[in-house]
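Below is a structure I'd like to ask you about.
Each chain carries a letter (A, B, C and D) given by its place in the written order, and its residues are counted from 1.
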């Protein structure tokens, strides 16, 4: 029995199996469901920890199953894969706890947690995919398993949001499929390779390769919410808070961004892509998205929508870092994958707490809420400052490396984008903080009576997760230079996978 | 006679316009012309199976080549075909049959004539069945004549007795295909091939099959004419 | 058990079963289920036999072609037999919950005869024998369609009967031409003898047109939606999953052995009609407000995909045919599951208006799941059998620069997603209740779900299934033929 | 050209006439009859061409096929007629109206 070949599969199964069992559970079996959820999440954490240690010591884990003659389903845990796997696994654990608290007493939880587990399965599958077809498989699975979560509430509005979500993502998926098959007919392989595998296709295929690049990026750009493919994200905010938190801040959008990293580095190879002249337009698109998302965020009164536009803006930092095509900028982009995840999930958790505890959905209702819910708003503040890029929070590290990387690659204009974006971030986050901390609270909150937490701020399951993630966000910034910090790991990736000699 | 009225009133409904008729007629004519050309392009020397049939006729158990093809060389087709007939009846019965026809009481002439004709028809059927082995005739011809007798009976107001309408009737209806399937399985077990008759008994076995088929065909066709499950109307 | 004649059992068993059900209606359900199970086992036996000893051939009556009739099975036949057995088993289990006692006594004998006809058809190697099986199948299918006796069902059945009879006659005319032109009705011998004469072309024109009509290829699909939508749910499943595939199978067989090698050009017409079928069927499906009609139009579209393989196979050969076989297989399972799920919804809510589906996802989760999983395969999303087929077909299209076909396939997939999620979206929402919900037996929900799961699982079975398919090299033009 | 070909041409004529009538007529009884006429045409072609060699004994195989075909045709016609009568009883007219969609 070769355990190394089994572990990636086990990582996938550790959320798939609980998910499938949960589907079959009766609604009232709350305890069994909680046990299954936590068991799955914890076993995944253990497995991923095991792999982290192994990969750090130059050990690789790979599962292969034959899918089609000549095409295999490959799950491979390399450094880059593990970055995303670890992020999803860790945040899944936190979000599961949050979701248990958030959905307490609400209907259809078996369905919710079943699909929730499927989503995580799809996300780790996307992370560990060792070739494009495996990636495609999990990428589409992610689309399908998020749909029921978006329409979970069963309102007409939710249904419409779901249709919009699908219209975007399935269209993207079709483009991605076209690009993938086309590429396969040219190269005969889809296996992710350091420095890419398309260079063997021959000179005469260069125009086709540019088209394929565009198709793949368009397919991925939908989930990464690149403008103009971002329209689904704000609408999808109709979903319950844990969904917005994990999926639309971490799993789904990151799957798109992560895919772009894969395509640029492991399909085309960054040098070859630069040679094709496709990275610059990608960088411009990312920069535009950064500014556009921030500008739109400025004018949202709905808290979750503002966060959604902020996500659109922030995810493009990752794309920008990759597209600048220099080692330092890449480190900045990749590390932002983790940093943004930690910070944004904190913000969404807090938004969920406000909505669940006090019925606050709009920023204009947040006056003085810091006094009513100090812990929540403290976590929110950390997240917001991180987004702005204030040291020593994680977001600062990302922006620093992005800026340095841009200068290193001779793309000075990026600095302006970064500065502008930071200003805009400040412009849409600081008023919230000001209102929450320094304005007088109103006589009563919109829906406070619904839950009676007594003297507590809110349920512990709701409070703990944002506090933990905000602490992690600070830690990732403060301790960026110790081993196994996100930054350290990303440097390892850059060293081993992207810029190896 | 509800159905007849309905069929007549339908003439008043709109018909295809002349232009449409021409538009349809043209491609149909083209098809006809093409097929006519094909017909004339057949060479008068047929590459058919006449020769082989003649060669093997002696081993088939019968001397009428058509019967030999029908019951022996291509007996499997015939097996399936008896099932088709049974299936049609099943389909008709599944539809629950049609409206009751007016019950007629036959006049004395019709009554006595049909009494006279019936034995004749049965006799003719039996003859056709027997003669099929070496001359034109056979189960289908015989079955059709038998069905004619049945139709005559129905038209003169005769009905199957309720006690016979269930299992006994069904037994007869199944006899043909049932005998075929049974024969197929037995020959498979004994001779190794489906419907491979032992040469010395082929004639007899074919006659048995044809007899069973004749009864089934006769009754099935009659049943199709009746258009409903006999039991139902008797109970009502 | 090397000598067990599994192929013959596949035909004789359901025939005998059907007759016994007719004689003693009371045992119908039990006997029918046992027969379905035995048929499934026999297919497995045949599969094992094929794998061990290669193609299966049986000379009926011991005469051998051309005088006698041969039975023949290769990988392609096996696949069709297997999907028939699977869908048959699923529908059989479903029908125990669906039909009242009396209805089930009418259903079983006809369905067993239909099963025998399908098996006989997939095992036939003789074009006249194929005609008889076609007719047996057609009449059984019409009888089943009209089983409810409602106005719509009668109209649908009538239209279907006329279409199927016309198709059969055209086919028979072709048989007449081929026999008189080339002196045999055995497919293998015809493959050797037929040359590019006008007679051969006229025969192909007639047979092809008849079979296309029976397969409901656009624009000859007019009879399909009313018939498939108005039949009882288990029957709709059988019709869409198996019956249209059977006539397609004959067309494919004839093409692979007799007509394909003659000339080039016709395959482009097939491809074009296939593309139009995809677009038209999908758009019509999207327009429907009734669930069963939507599913029926989806069948029209999915049939189009099968015909795309004809132009693509001209240069890529086996891989496009593999793709087509895979699409046929997964469509059979998925579409059967969909119709069964629709039957559950119809039973539950008393209607099949899509906009008025009322929180089905909570109230009939297994059914909603079955519909969704089947939908995944129909849309061609991974992981599912439909995805594998679509991937291979797309690959063939792009490799040959057939951009139009590739584009249509992608658009077809998106349209499919649009009409499937149109349904799924409404299963989450609340609607005005017009009808007291009726309990749906577990057997009905599980039958639908298991078939749908089968369609998804197919996504992981491509390699073993392709190696089975290649037994007998059915897909090499001019190769070994029945 | 011997008389067999003449019969074959008549067969083609019947087939085509039947086809035309099948399309043109809306009444189901006529449609069913048209199908039968078409069938007779095909049977005639089968039989006629079997005799085109002018030998004393015509090819028996097409004869057997025609007998099978006739039985099939009879079965189908019976089913079609009952179906039509049921349809008349249910809807009051013997046509397949094109306003199918409205009624569903």
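Here is the rule we go by: contacts are C-beta pairs under 8 Å (C-beta built on N, C-alpha and C of every residue); 3 or more make two chains touch, one makes a residue touch a chain.
As the structure is a computational prediction, the values presented were derived from the model and not from experiment.
Each step here moves to a touching chain, and the least such steps from chain A to chain B number 2.
Two chain pairs are in question, B-D and C-D; the one with more C-beta pairs in contact is B-D.
Core chain by CA centroid proximity to the global CA centroid: C. As a whole-number value, the distance joining the C-alpha centres of chain B and chain D reads 16 Å. With centres defined as mean CA coordinates, chain D is found 67 Å away from chain A.
Distance from the chain C centre to the chain D centre is 27 Å, each centre being the mean of its Cα atoms. Centroids of chain A and chain C (each the mean of its C-alpha atoms) stand 43 Å apart.
Across the assembly, chain D contributes 15, 19, 45, 49-50, 52, 61-62, 65, 68, 72, 75-76, 79, 83, 86 as residues in contact with two or more other chains. With touch defined as above, chain A holds no residue shared between interfaces to two or more other chains.
Annotation for chain B: residues touching 2 or more other chains are 35, 42, 46, 48-49, 53, 74, 77, 81, 84, 87-88, 91, 95-96. Listed by chain label, the pairs that touch are A-C, B-C, B-D, C-D. By the touch criterion given at the top, residues 15, 19, 22, 28, 31-32, 35, 38-39, 42, 45-46, 49-50, 52, 61-62, 65, 68-69, 72, 75-76, 79-80, 83-84, 86-87, 90-91, 96-97, 100, 103-104 of chain D touch chain C in their complex. Every residue of chain C that touches chain B in the complex is listed here, in rising order: 5, 8, 12, 15-16, 18-19, 22-24, 58-63, 66-69, 71, 106, 109-110, 113, 116-117, 120, 128-129, 132-133, 135-136, 139-140, 142-143, 146-147, 149, 173, 177, 179-184, 197-199, 202. The touching residues of chain C, when paired with chain A in their complex, are 359, 361-362, 365, 369, 376, 379, 381-383, 387-388, 391-392, 394-395, 398-399, 406, 410, 413-414, 417-418, 421, 424-426, 428-430, 459-460, 462-463, 466. Contact residues of chain A toward chain C in the complex are 23, 65-69, 107-108, 111, 133, 136-137, 140-141, 143-144, 147-148, 151-152, 154-156, 158-159, 162-163, 166-167, 170-171, 173-174, 177-178, 181-182, 184-185.
Of all the residues in chain B, the ones that touch chain C in their complex are 34-35, 37-38, 41-42, 46-49, 52-53, 56, 72-77, 80-81, 83-84, 86-88, 90-91, 93-96, 167, 170-171, 173-174, 177-178, 181, 184-185, 188, 191-197.
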